[in-house]
Amino acid sequence: MALFDSFSPAQYAGPDSTDPLAFHHYNPDDVIDGKTLRDHLRFAVAYWHSFAWEGGDPFGGRTFERPWFPQDSMAQARIKADEAFDLFQAVQAPFFCWHDADLRPEQGNHADNLATLDEITDYIGEHMQRTGVRCLWGTANLFSDRRFMSGAASNPDPAVYAVSAATVKMCMDATHKLGGQNYVLWGGREGYETLLNTDLKRELDHMGRFLNQVVEYKYKIGFSGSILVEPKPQEPTKHQYDFDVATCVGFLRKYGLEDEIKLNIEQGHAILAGHSFEHEIALAAAEGMLGSIDMNRNDYQSGWDTDQFPNNVPEVALAYYHILKAGGFTTGGTNFDAKLRRQSLDAEDLVAAHIGAMDVCARGLKAAIAMHADGGLESALQARYAEWESDSARALLAGSLDDISARVLAEDIRPAPRSGRQEQLENYVNRFV
Amino acid sequence: MALFDSFSPAQYAGPDSTDPLAFHHYNPDDVIDGKTLRDHLRFAVAYWHSFAWEGGDPFGGRTFERPWFPQDSMAQARIKADEAFDLFQAVQAPFFCWHDADLRPEQGNHADNLATLDEITDYIGEHMQRTGVRCLWGTANLFSDRRFMSGAASNPDPAVYAVSAATVKMCMDATHKLGGQNYVLWGGREGYETLLNTDLKRELDHMGRFLNQVVEYKYKIGFSGSILVEPKPQEPTKHQYDFDVATCVGFLRKYGLEDEIKLNIEQGHAILAGHSFEHEIALAAAEGMLGSIDMNRNDYQSGWDTDQFPNNVPEVALAYYHILKAGGFTTGGTNFDAKLRRQSLDAEDLVAAHIGAMDVCARGLKAAIAMHADGGLESALQARYAEWESDSARALLAGSLDDISARVLAEDIRPAPRSGRQEQLENYVNRFV
Amino acid sequence: MALFDSFSPAQYAGPDSTDPLAFHHYNPDDVIDGKTLRDHLRFAVAYWHSFAWEGGDPFGGRTFERPWFPQDSMAQARIKADEAFDLFQAVQAPFFCWHDADLRPEQGNHADNLATLDEITDYIGEHMQRTGVRCLWGTANLFSDRRFMSGAASNPDPAVYAVSAATVKMCMDATHKLGGQNYVLWGGREGYETLLNTDLKRELDHMGRFLNQVVEYKYKIGFSGSILVEPKPQEPTKHQYDFDVATCVGFLRKYGLEDEIKLNIEQGHAILAGHSFEHEIALAAAEGMLGSIDMNRNDYQSGWDTDQFPNNVPEVALAYYHILKAGGFTTGGTNFDAKLRRQSLDAEDLVAAHIGAMDVCARGLKAAIAMHADGGLESALQARYAEWESDSARALLAGSLDDISARVLAEDIRPAPRSGRQEQLENYVNRFV
Amino acid sequence: MALFDSFSPAQYAGPDSTDPLAFHHYNPDDVIDGKTLRDHLRFAVAYWHSFAWEGGDPFGGRTFERPWFPQDSMAQARIKADEAFDLFQAVQAPFFCWHDADLRPEQGNHADNLATLDEITDYIGEHMQRTGVRCLWGTANLFSDRRFMSGAASNPDPAVYAVSAATVKMCMDATHKLGGQNYVLWGGREGYETLLNTDLKRELDHMGRFLNQVVEYKYKIGFSGSILVEPKPQEPTKHQYDFDVATCVGFLRKYGLEDEIKLNIEQGHAILAGHSFEHEIALAAAEGMLGSIDMNRNDYQSGWDTDQFPNNVPEVALAYYHILKAGGFTTGGTNFDAKLRRQSLDAEDLVAAHIGAMDVCARGLKAAIAMHADGGLESALQARYAEWESDSARALLAGSLDDISARVLAEDIRPAPRSGRQEQLENYVNRFV
C-alpha cells in the first residue's frame, strides 16, 4: 500500500488544462534561451519537509499518516526512501536534498550514526541509479537533537563542536558519495537565546574556524561542488548569526572565505529578515556569492517560518530575473524547502503541491527570460547611471573631498533631480508576469 | 520673550524629590568607579529634533510655536542658537550634536551654504566659549533637500555625489573648527525605493569610495576625532545600505575601513532592524567598532522611527552594561536623537523630557556599574565556556574535520547538555535594575 | 503650460501592446457578466495624493513641481481643479474622491472654510458637468491642521469636537451637492499617542455619539449615499480606534450603527493591522458591512503606510473575488488612495501609475469573474461543510452541552480528520490569475 | 528521586538579599491597601508549560528530563501531579491552572478521556486539600490532538463540534469539582490557515452558539466562577477569530454574551496583535470585561509566542495600574502562562523562574499601588478632559451637526491646542517604577 507509486509522472498539458495533476506551465523539455526548463530551474524536493516532518506545530502533534511512521528503524527508513523516489518520479523532480537525520533515525552516538548513514545512502544510491534522480545538496542536521540545543560550532561545550565537526565530515562524505552538487550549512542554532549567557566574539570566531575546516576538508576529499551557507535571522533561536545575506557576506569576508563559500537563499528567510527575496538574491549576486535558492514563501502576516510552496508568479519572476542577470544557476538550483500545511493530509496533496509550485516557477522563469531578453529594465538602468561613464564623473571617485569641493564651487554645480520612474518600471514588469 | 532662559539649570534633588524639573538620579558630579557621571554618560542634545523639527508628521504639519519659526533667515538662525544654548544650560547638557541644515537655512547653492554655515558656526562657537558646552559630533544633512531624493554618495547622478562630497567636507571643517569629538555619517537616502531602478553593486562601490575620501580628508586636516557611520535598516527609503551593525561592519571591512571608522548605534534603529539595542552594541564591541550611541527608543508597536526619549531603565541598563564591558565611551557619548511628541507643545515639555531621559540613563548606568562590579554575569560566562580553555579543546580548533571525527569515534564523545540558566541570569539582572 | 491636457484619454490597446500609456487589460466598455468593466470596477482618483501631496516624507520636503504650488490661494485651487479634471480624463477615471482640505487651502476659521469650500465645489461642479466625471465620495480632513493634533471627535477639548462636527456637516453638504455616492470618515487622529493621558472609555463614547450625529444628519438632508468608516490600526497615532474591520464592526454594533454604516477597506491598512486584504473584505462581507475599497498596497517590508499603486495581480484577484461573492459594488468603488513615489517627478509618472493600476485591477477582476463563474472554490466550500446541512448536525447547535456529551458517549463519536486541500486550492486559483 | 521536594518554600529575604531562591520583593503576607500581596496578585502556575511541555520547538524535540516522562500512563500522571504540588509549595503559589490534556494522557475516545480525567482530578483534589493550593481556572485542550487540526467549535465537521462540546462540558464539570474560580476558553485553532477553504460567517456563528451553550451550562450546574475567553491573533493558525480584546468584545456583543463572558488577557498575545499589554487591559476594563491575566511576555524581536516569564518591572507596573484602576482582581488572578527556555534544563531553573517572576510582579504592583494612591495620573486625566463637564460641552453631544455648526459660526470657535505632556507623564511614572 505505497502512497506514491500510483501517481504516474506528471505530464505537461498546457495552460488551458484543468487537470489538477498535470503541469500547465512546466514542460521540462521545453528549450528556451538554449536550455531546457529542467536545466534552467533544476528543481529539488526536500526530503525533510516531504518525508520526515509529521505535521506537528507548536500547539499540536503529528497529523499525517504515512507508511514509514514511526520513523524509528532502518526498515522504516528504507520504506521512506522507496516512497520518496516514487514521489520524485511522480513530479519529475530531477534533484533532491537531505539532512542525515531525514534519511535514517538518529542513533544516539556517532559510530552508529555513521554506520547507518552509510547503509541508507547506499540504498538511496541504488534508487538514484535506477531513477536518474540526482542529489542537489546534502547537509547535516545540527539542530534537532537535544545535544545541539545551545548551538553546534558555536556551542559553549567543545564536545558539541567535536560532534558537529564529525557529523559534517560524515555528511560531506555522503554528499560526495552521492554525487551531490553542493554542500549546505544552515546554522539553525548558531546564535543565542539571550546575550546574558553568550560570548558573541568567541562564538563567531569558532564558527569562522569551523567553516574554514569545512573548506579545507572539501579540498582534501576533492569535492568539486559548492559550499553554501544559508542566511536566516531567527527561529529557532532569538538571534542567528547568519542573519541575512549582508551579514553572511561580512562574516565570510572576515574569516577569509569570500572566495570559497556561497549562499543558499530562501524566500521565507528573506522575509523574516525584513528583505524582499529579490533583494537578497541581487545582493548575493553583486558580491559574487549567489549559490542556490530555497523557493518557499512565508506568509506575510505570520512572524515565523511558514515554509509554504510558492504561489505568487510576479514575486517568483523577479527572483528569477536576478538569477538570470547573474548568469543563471551553475551548481545551484530551485529547492522547495516547503512543507504541506498540516491539514493537507493526503498523498495527492503532496503531489499537487509540488506540481503547482513547479508551474509557478516555470511561469515566473519564462516571464523573467522574456523580460531579460526584452532588456527594458537593463536599458533603463543604463540610462539612469549613464553619466557615471564620463571622465568627469570618474574623476570624482578618484579625487579628494577638497578637490571635489573646489569643483562644486567653481562650476556652481546644482543637481537637477530626475524622475526615478518606479511606477513606469512596475508597469513594464507587469507586461511580462 | 525667550523660551528657555527662565529655566535655571536643573539640580540634583535625590530620588525622593517630586520636583518634575529636578534630577532624581543624575548628579553630574557624582564620582563612580573613578569618573563623574557627566564623564561616564557624556550627554548630548540633538539640535535637529529639539530646535529644527516643527512637530509635523506624515498626516499633519507644524504644531510647535517657537520664536525662531519660520526658519528662513540668518536672524532666525541666531535666535535659534541663543535658545538652544539656553536649553543646553537648563538641562546641564555637556554636549550637543548638529547637521548643517539644523543650524541655518539651506541656501540653494553650495557657495552660500558654505558662507552661511561659516557665519553661524562662528556665532555658535561664541556660545560654546561662553557656556562650556561642547560639540559631541557634527554631520551633514544629505537627505532633506530635494536634490538628495535619490541618494547622496549613491546617487545615479554624479552631480549629487559632488555636492554631497563638498557638503561633507564643509561639515567636517565646521566640526573640526568647533572641536567636535566625532564626525558622523548617516546615510538616510543611501539605499533604494525599488530594485527595479537600482544598480546595487555600483551604488555600494561609490559609497565605499566616498567613505574612503572622508577618511583621507580626516587625516589631511588633522581631525583627531572618530569617524562614525550610523546603521539604520529603512525609513525614509525602503532599504538602506547601512542596515544594521553586522551589515556596516561587513561593508567597512570590504572597503578596507575596519580600522578607520566606528559605529554610532541607535536604539530605535536596532529595533527597526529586528535587534535589541544591546545586541547591536555588543556586536560592535566584539568587532572593535563601538563608537557612540543615540539613546532614543522606538515604540515596539510602531513600525517606523518614533525617536522617543528613553524611559525604560532595565533596557537602558543592559545597553550601558555592554558599553562598560567595552571600556566605556572614549570620543563617543549619549546623544538623545529624540524628539518630543508633537502634542508636547510647551517649552517645559522639552526641558522635562531631557531631564527625565538623563535620569533614566543615570539609573541605568548606575545599575550597570554595580552589575559590572559584582561580576556575576562575567563569572557565569566564564564558567559556561570554561572548557574551551583546555588544550584538548584548542586542539579541536587547530585540527581538521577528519582528525576530529577520528577523535569523536575513538573517545565515543557524547555531549551532555547543561542548563543555559537564562531565567536565573535574568533574575540576577533584576537585582540591579 | 498645463501638465495633463496634452495626454489624450488612454485607450485600450490589448495585452500585447507595448505602449506604456495605453490600457492593456482595462477596456472600460467591455461587458462581462452583464456589466461593463467601468461599472464593475468604478475607479476613482484620490484628489489628495495626486494633487495636494507635494512629495514630502518624514526626512525631506517637497519634491514635485506643479503649477498649482504653492497651494495657498483660491486661484491656485482653481488651477489644481483644472489639472485634476485633465488627469481624470487622461486616465478615463469615472470618479474622484476628496477631502475639503485638498480642494482649497485651510482658512484658519470655520466661516471662511465654509465659504471657500462652497466656492470651489461650485467650480468643481462645473468641471463634473462638463466631463461627466462623478464624485465617489467626499470626506473631511480632521487630521492635518494643528487643531486636530489630539483627535477630532475624541479630542479632550470640546471646542475641537464642535469644529469637527461643523466640518463634517460642511463636507456632507458638499458631497450631497456634488452627487457623491458615499460619505467617508477616516479617524486618523481618533486614537492616542499614550494611554497615560487618555480616557479610553470617554473618547470611544464621544466617537460613538459623533457617528450617530452623522447618521442623523444624513437622514435630515436626504443624502441617499452610504456612510462609511475606514479602518486603520495606527499611523499617524500609535493606536487608532478604528483598528481593523473586526474592531469597527464591534464599535458600530455597540453604538447601534450596524445597519447604518459600512466600511471602506484599504489594502495597506489591512497589512498594517496584520491581515490580508481579502480577510478584511471577507469579514466585512460576512457582517453585511462591505462598502467600498481603497486599492493601494503597502510594501510588506515597510512598517508604515506606503500607499503604493497596486501591482500584484494575484493579490488583487482575491480581493475582487470576495467582492464579487458579496454581490459586487453598489455605491462603493475602487479608489486609488495611492501616491507616486516621491522620486516620480513627472506628469507622465502620474498618468502611467493610474493606467498601470487600472490594468492590474482589470486583470484581477477578470480572473475573479472567471473563477467565480467556474465555481470551483464555492463547490469545494460546500463539500467541506456539507455535513452541517444534516438534521443531526443542526441538532448539535440547538442542543445543550450535556445533550451533546451524552450523544458523544452513546455514539462513541471519533472524528476522522479530512484534508483541508490548501495547496490544491491555491493551484486552482493559479489557473485563473 | 523527586525533583522539587528538596526545595523548601521560598521565603521573603528583602531587596538586598543575594539568595537566588528567596523572594526579594514578594512578601505574600504584606498588607498594602488593605489586602495582602497574595490576595492582590493571586499567582497561578500553569500546569502545561511547567509540567507537560517537554522543551521542544519547531526545530528540535524534548530537552527536559523529568521523572514523569514519557507522559503516557496514569501512573506517570500521578507522579507529575505529586511533583507539580511540590513545585507549587516551593514557590508558594496559591493557585494553579490546567487543561485536561495536561493532567493525564489523551485516551483516544471520549469515554476514556472522561473516566481518566475524573480519576486524576480526584487525585489532584487530595493534593489541593492537603496543601491549600487552589484552582484559578481550568480549560479544555481543543488544539493538540489531530482531531482538532481544523478547529473545534468552528470545525467543518460536526463530529468535531460534538466532541469539543463534550470535552468542554467535561472540563467545566472538573473545574467545578475542584472549586475553580474561572473557566477559560482559548480558541487556538478557531481560525483558519487559508480563506480559500473557509466559510467565515458560518464558523463565527457556530462559535457564537458554542459560547452560548457554555454559558447555559454554567447556569445549569451552578458554576459561580467567571467564563473567560482569551484573545490571540494568530499562531498556531494564520488567523484566529479571537484576534484581540476589541475583536472579542465585538464578537461577544454580537452573540449577546457581553454580560456573561469576560476576558483573560495575555501580554504575549497583546504584543503579537500589535498592542501594548496595558492597552488590552484598559480596553477590557473600559468595556467592563476584564477577567484575568496571563503574565508572560513575548520577545519584541520574535514574531511568535515566546511565553517567557516577565522580567521588566516598568511594563508590569503599567499593567497592574490599569487592573487597580478597574478595581483589582475578583475571580481573576496572575497566571504565569510562561515556559522555561528549552535550554533551562534544571529543576532549579523552574523554581527560580517562578520566584523571579513573582518578584517582578510584586515590584510592579507596589509601584502601581503607590502611583494609584498618589493620584497624579488620574488628576492629570481629569484636568485634560475637564471641559467636558460643562453644560455647554454636554450640549454638543446632545445636539445635531447643524446645531453645532451654527454655534461654531456664531461663536467663531477656534480651538487652542494644549500640550499632551506625554514626556512629563512618563517621567512621573518613572518616579514609581
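As written, the chain order gives the labels A, B, C and D, with residue 1 at the start of each chain.
The criterion applied here is as follows: a residue touches a chain if its C-beta (ideal position, glycine included) is under 8 Å from a C-beta of that chain, and two chains touch if they have at least 3 such contacts.
What you see is a predicted model; the values in this text were computed from it and never measured.
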item: Intersection of the contact lists for chain A and chain D; value: B, C
item: Chain pair showing more contacts of the two, B-C and C-D; value: C-D
item: Rounded Å distance between chain C and chain D, as computed from the means of their C-alpha atoms; value: 36
item: Separation of chain B from chain C, taking each centre as the mean of its C-alpha atoms, in whole Å; value: 40
item: Of all residues in chain B, the ones touching two or more other chains; value: 63, 146, 149-150, 193-194, 234, 239, 274-276, 301, 341, 343, 417-418, 420-422, 426, 429
item: Chain A contact footprint on chain C (complex, rising order); value: 18, 20, 24, 63, 271, 274-276, 300-301, 309, 311-315, 340-341, 343-346, 348-349, 352-353, 355-356, 359-360, 417-424, 426-431, 433
item: Residue ranges of chain A touching chain D (in the complex, touch as defined); value: 55, 57-63, 143-146, 148-150, 188-189, 193-194, 234-236, 238-239, 272, 299, 301-306, 341-343
item: Partner chain B, residues of chain A touching it in the complex; value: 108-111, 114, 146-147, 149-150, 155-163, 165-166, 168-170, 172, 193-202, 204, 206, 209, 213-214, 216-217, 220, 233-234, 239, 243-244, 246-247, 249-251, 253-254, 273-276, 278-279, 282-283, 286, 318, 322, 377, 380-381, 384-385, 387-388, 390, 392-393, 396-397, 399-402, 404-405, 407-409, 412-418, 420-422, 425-426, 429
